[in-house]
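Worksheet: one structure, shown below.
Note that the chains take the letters A, B, C, D, E and F in the order they are written out, and that residue 1 is the start of every chain.
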Amino acid sequence: MADRLLVLTAHPGDFVWRAAGAIALATSRGDRAVIGCMSFGERGESASLWRQGHTLDEIKAQRRAEAEKAASVLGAEIRFSDAGDYPLTETPGLTRELIDLYREVQPTVVLTHAAADPYNHDHATAHAIALRARVLAQAPGVEGPGEVIGAPPVFCFEPHQPEQCGFTPDVLLDITEVWDRKREAMQVLAAQKHLWNYYTELGARRGLQAARNSGPNLGLPSDTRAEAYQRVFPQVTRALS
Amino acid sequence: MADRLLVLTAHPGDFVWRAAGAIALATSRGDRAVIGCMSFGERGESASLWRQGHTLDEIKAQRRAEAEKAASVLGAEIRFSDAGDYPLTETPGLTRELIDLYREVQPTVVLTHAAADPYNHDHATAHAIALRARVLAQAPGVEGPGEVIGAPPVFCFEPHQPEQCGFTPDVLLDITEVWDRKREAMQVLAAQKHLWNYYTELGARRGLQAARNSGPNLGLPSDTRAEAYQRVFPQVTRALS
Amino acid sequence: MADRLLVLTAHPGDFVWRAAGAIALATSRGDRAVIGCMSFGERGESASLWRQGHTLDEIKAQRRAEAEKAASVLGAEIRFSDAGDYPLTETPGLTRELIDLYREVQPTVVLTHAAADPYNHDHATAHAIALRARVLAQAPGVEGPGEVIGAPPVFCFEPHQPEQCGFTPDVLLDITEVWDRKREAMQVLAAQKHLWNYYTELGARRGLQAARNSGPNLGLPSDTRAEAYQRVFPQVTRALS
Amino acid sequence: MADRLLVLTAHPGDFVWRAAGAIALATSRGDRAVIGCMSFGERGESASLWRQGHTLDEIKAQRRAEAEKAASVLGAEIRFSDAGDYPLTETPGLTRELIDLYREVQPTVVLTHAAADPYNHDHATAHAIALRARVLAQAPGVEGPGEVIGAPPVFCFEPHQPEQCGFTPDVLLDITEVWDRKREAMQVLAAQKHLWNYYTELGARRGLQAARNSGPNLGLPSDTRAEAYQRVFPQVTRALS
Amino acid sequence: MADRLLVLTAHPGDFVWRAAGAIALATSRGDRAVIGCMSFGERGESASLWRQGHTLDEIKAQRRAEAEKAASVLGAEIRFSDAGDYPLTETPGLTRELIDLYREVQPTVVLTHAAADPYNHDHATAHAIALRARVLAQAPGVEGPGEVIGAPPVFCFEPHQPEQCGFTPDVLLDITEVWDRKREAMQVLAAQKHLWNYYTELGARRGLQAARNSGPNLGLPSDTRAEAYQRVFPQVTRALS
Amino acid sequence: MADRLLVLTAHPGDFVWRAAGAIALATSRGDRAVIGCMSFGERGESASLWRQGHTLDEIKAQRRAEAEKAASVLGAEIRFSDAGDYPLTETPGLTRELIDLYREVQPTVVLTHAAADPYNHDHATAHAIALRARVLAQAPGVEGPGEVIGAPPVFCFEPHQPEQCGFTPDVLLDITEVWDRKREAMQVLAAQKHLWNYYTELGARRGLQAARNSGPNLGLPSDTRAEAYQRVFPQVTRALS
């Protein structure tokens, strides 16, 4: 039976740069992937649009369109909470929406931001909200539509300046086979062209590390492409590898 | 093709209490498992034998016999370095022996002690030696018989008082299907009967945690038996789960 | 002069599983013990009652009755803030109530949750509220009934999955002499029968660790029962031991 | 029955600046206190004597005389291993000596250096040796005169630049009643007069912290004198305070 | 061109005890220094005034007058947000005020509290608000008067009990040449006379550490006066020293 | 007066990939730079030469020649201890050599490896030796030629897989103006051509981070080239920036 991947982010660009490989891997295997965007990144991650004189509504519309197109390239669904950014704030309404989303999707794997980011506090807020809503969605006493969820593993994707965010990669995900899809999704974000190369290089560097840590069994080649993740909960497995 | 599991410990009892589940899982799948014991635990872990007045040679012989029997229950080979314990000391000779063992076995997975143990410094020493010999065995410039090895993942098994050893479980291994085999191996260590229940209870507690962290896919039941491990290097994988 | 123990928890079950030994020890010495429960655990820790179709009010009444009975077994008073759970939220009203409680009880020792718990965020919230209210209760400028308090030491009791909560035991409390009282209090919580054994085993395991760390002076036997705690502030003492 | 305090240091000055209060408290209560000095601090802590042109033997004699006098002021015995300093090195002979000392003294409390000190690596080495010899002295299989010891608690005393050594005080020991004795012992070290005030001030500052953390029961005044310690093992106790 | 120093604190006393040296150094070089005080410390740091029976308004007026005088001694401007203390709370209004202040001052260096303080939670709150407002002030999409700011480095000043606040000094600032100015500013705070000596001694101790770490180039003497700081972001430089 | 930079490494390649920018910056300002190579990297970092069938002596000669050439490109002197690698071992002889080197060079800044590297234990060993020899070289009681040294700051350069080595960059050094020199030095290491791009990309990425953290004063452009370092001791300064 197919898995369900739920990706919870603060802003629309996040899933593209940091998790597009994991999303494309999932959908290429026939899994369902749903992205929950808490805001449109309208204030904090749209500097060039503001400088061009666009209105708030125009900016939100443009960020939404872009994100929908990138999600579509990756074969994923996308939802927007429009909770506002810079600052993104934890409210009962947003939490409610995420609980409902968890229960609708019944995720088998969850991706979200790392716990801290001194360069963008919305990321840490999104992490906290995503983690808290996950636990609330497990409780029969928390009312709402749908069934309670199990306890899906949570992976934090890589922040922009990982060492300053306390991010230590403990999972390197080989995304070589869907690399072209990630590249295509990045190219949808035309205003941030300078990041295409940045994240292409990051994919190669994490890939080289994956190769160096891959052991005799996987034996990945040195031109592997990878994304780095950090687990929130211990891995549960039936075989060490 | 079958995997090769290499287990490097300071004393003979260690692989039974802490890693017998992983060993039995491997051999039950047809993998090769080799245990490298750096000492016979003759001074540090044989208190009752010393109190009974046995000689050093008698104690070493008895510990060897016991360990061989336990290894045999688990379907594993066992080698002894007789490097002395309490204290176990890093010497060029012991390192040499371990390099050769790595190259002979060509492990796909390595198990050893955690990096620190203030209750038994031999454990930390064994960890350091095992890690260093692994890197040396990778280098063509380090001479000796056999081929250089790849970069097998290393898992630290659980120390007796984990919180004081900086041990945080990041892998919970479901060993339910080989639990009887682990129980049988523990019972070989007749002099430490009080530990049978201790480690049976630990298997149940780690199993309950495995169940609680297992997610909708694995969906482990609450009577799972598990062993806890901590990775030294990041996991490399082709799918998040 | 008798001591005053103040125990601040998120939910009614917490003081039974995690701190009943400390409470019973205190009351058995003639100290006053007061438990402040911030909620009835009505949403997050009453899954079976919800599944049985009870109303919110019924569940709160039942959790209250149970907690009052368990407190009574331990010789302790209990107060409920009814601040709601899942999520428990920090509000000026709840903080006000706790400041007043601190000033009424004038505690010499405070117990509460650990600072983090990714499996139950109410626990972390309760920790934060308890710590903040303690500092506010020390200030003459924060108005309200009663006298300002001193600076009582704070001990965090053990979370359910300690390693994932950053909990490292730094105090092991010998509760052997009141073990029967703790067992009796646990048995009041009839719906969670599966936890009786879990916490009985935990008491034995922490007891064994207490024995191993107890030194020549205390010289605790290996069948000791203990509870683990973590200090928030440094210990102040007139003798090292 | 009286306690036995064992203080293991790298150099002769260490016990005076860092632990004289704990030693004087012990002996003032009728306990036995034994100081084991691994070296005479002849190379690393005798800069002014070298600059005056003294020979190695003269320096060792002078440091010994001074340390014996300071120990005598504190009512403590002192032993010297003469193992050499700068660098102090772990050797089987030194370890042997310390095992014998542990077994002779049968300490109920052990004091030694913190685990790290980037300004003086002898301190870290002495910590490691003291901790390892303690475990070896517990084992019947490690031969030598005397009886095996129990598991005495170990406290690390405060290094000169604590924050750079990873030292976080978790015990503040009230030494007010023996402060004059500590002052007198410090004054024996005439060549390091500049440190008298430094450690007098430190005693007052740690004392103020002790007062601020002392809770309603102890209720220490703000002119308390204290020494800071960090535990290696968890505290075992019959009452929280 | 002159630098702009922005100091963001919870209460009026903070900038005097913890950062007066940095402020006086800046103004003595001709830089602009602006202090933003989030509250008057009217509830949490005015115990003696409350005990004397003053009203809230009187206390706020007195704390303001004192702070203005101390700022004037240091050559700095000061602003008050009057957001209330004990507890200081993050509100959109306070954040708005700080964003505007950042944009007005265009700081080249920012000073604020450390990230944690279990003895005074207002300090941690002020740290969080200051850090978050700094990032918001960088975004063109966050509206308001003035220009967006760059990314000024942030330094946390030293809390009262540093080790319990996770504060590790990574910058020691030589303030010898403005020490008299700091002393004079401290003396403005007449009600806290007991702290004059405390912080004088701290200045000497941090100064001694500065001397010991100063290397052959700076070569600071042992009677240096210093303040300790901890960076939030990595240092960027054109020369290692 | 000119500074003296001392770079202490395990193997000949280390100073090129990790610190060539700092070295070239120093020499371009007229400072002296001396590289102390503890081994020729003959066993651990010469895999391709071994595979080509060269003898040990040939390999050492070739590594020496290459390193001398690269040092010359950077305007630096280079010394070799020939202490052997894989494993590099701490011996009194090697320590002696480094003490003498410290005293000869009288460094104002020291560069060496990070404290840990699970992929190459020689790096951690070299770090430990370099740090210990530095302290020994400060003591008049440690005999040998030359004058004792002061306390130069120590910077750890970036390991190959920084996150697995506990390496958090706390200094970003702008090396843009000497980038060509670093590139030229890398090209001397012809056998490791695959690393040229790797470290070119790293220089750009660290440069981008330098730009993002550089503040309004430095205001570095986004095409900056940088190297990352981690301090062992606190920075001592006369101005915050």
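Keep this in mind: contacts are C-beta pairs under 8 Å (C-beta built on N, C-alpha and C of every residue); 3 or more make two chains touch, one makes a residue touch a chain.
In UniProt terms the chains read A, B, C, D, E, F = PIG-L family deacetylase.
Since this is a predicted model, take the numbers as computed values, not measurements.
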item	value
Shortest path length from chain C to chain D (each step joins two touching chains)	1
Set of chains whose contacts include both chain B and chain A	C, F
Pair of chains joined by more contacts [C-beta pairs], B-C or D-F	D-F
Chain separated most widely from chain F, comparing mean CA positions	C
Longest centre-to-centre distance from chain A, chain (CA-based)	D
CA centroid of chain C to CA centroid of chain E, Å	37
Whole-Å separation of chain centres (CA-atom averages), chain A against chain D	53
Junction residues of chain C, two or more chains touched	119, 164, 169, 209, 212, 233-234
Contact graph of the chains (line, ring, star, complete, other)	other
Contacting chain pairs - touch in the sense defined above	A-B, A-C, A-E, A-F, B-C, B-D, B-F, C-D, C-E, D-E, D-F, E-F
Residues of chain A that touch chain E when the two form their complex	42-44, 46-47, 49-51, 59, 86-87, 118-121, 164
Touching residues (chain side chain C, partner chain E) in the complex	95, 131-132, 135-136, 139-142, 232-234
Complex contact set, residues of chain F against chain E	3, 5, 22, 25, 29, 106-109, 111, 149-153, 155, 169-174, 209-210, 212-220, 226, 228-229, 231, 233-241
Residues of chain E defined as touching chain D within the complex	119, 161-164, 167-169, 194, 198, 201, 205, 208-209, 212, 222
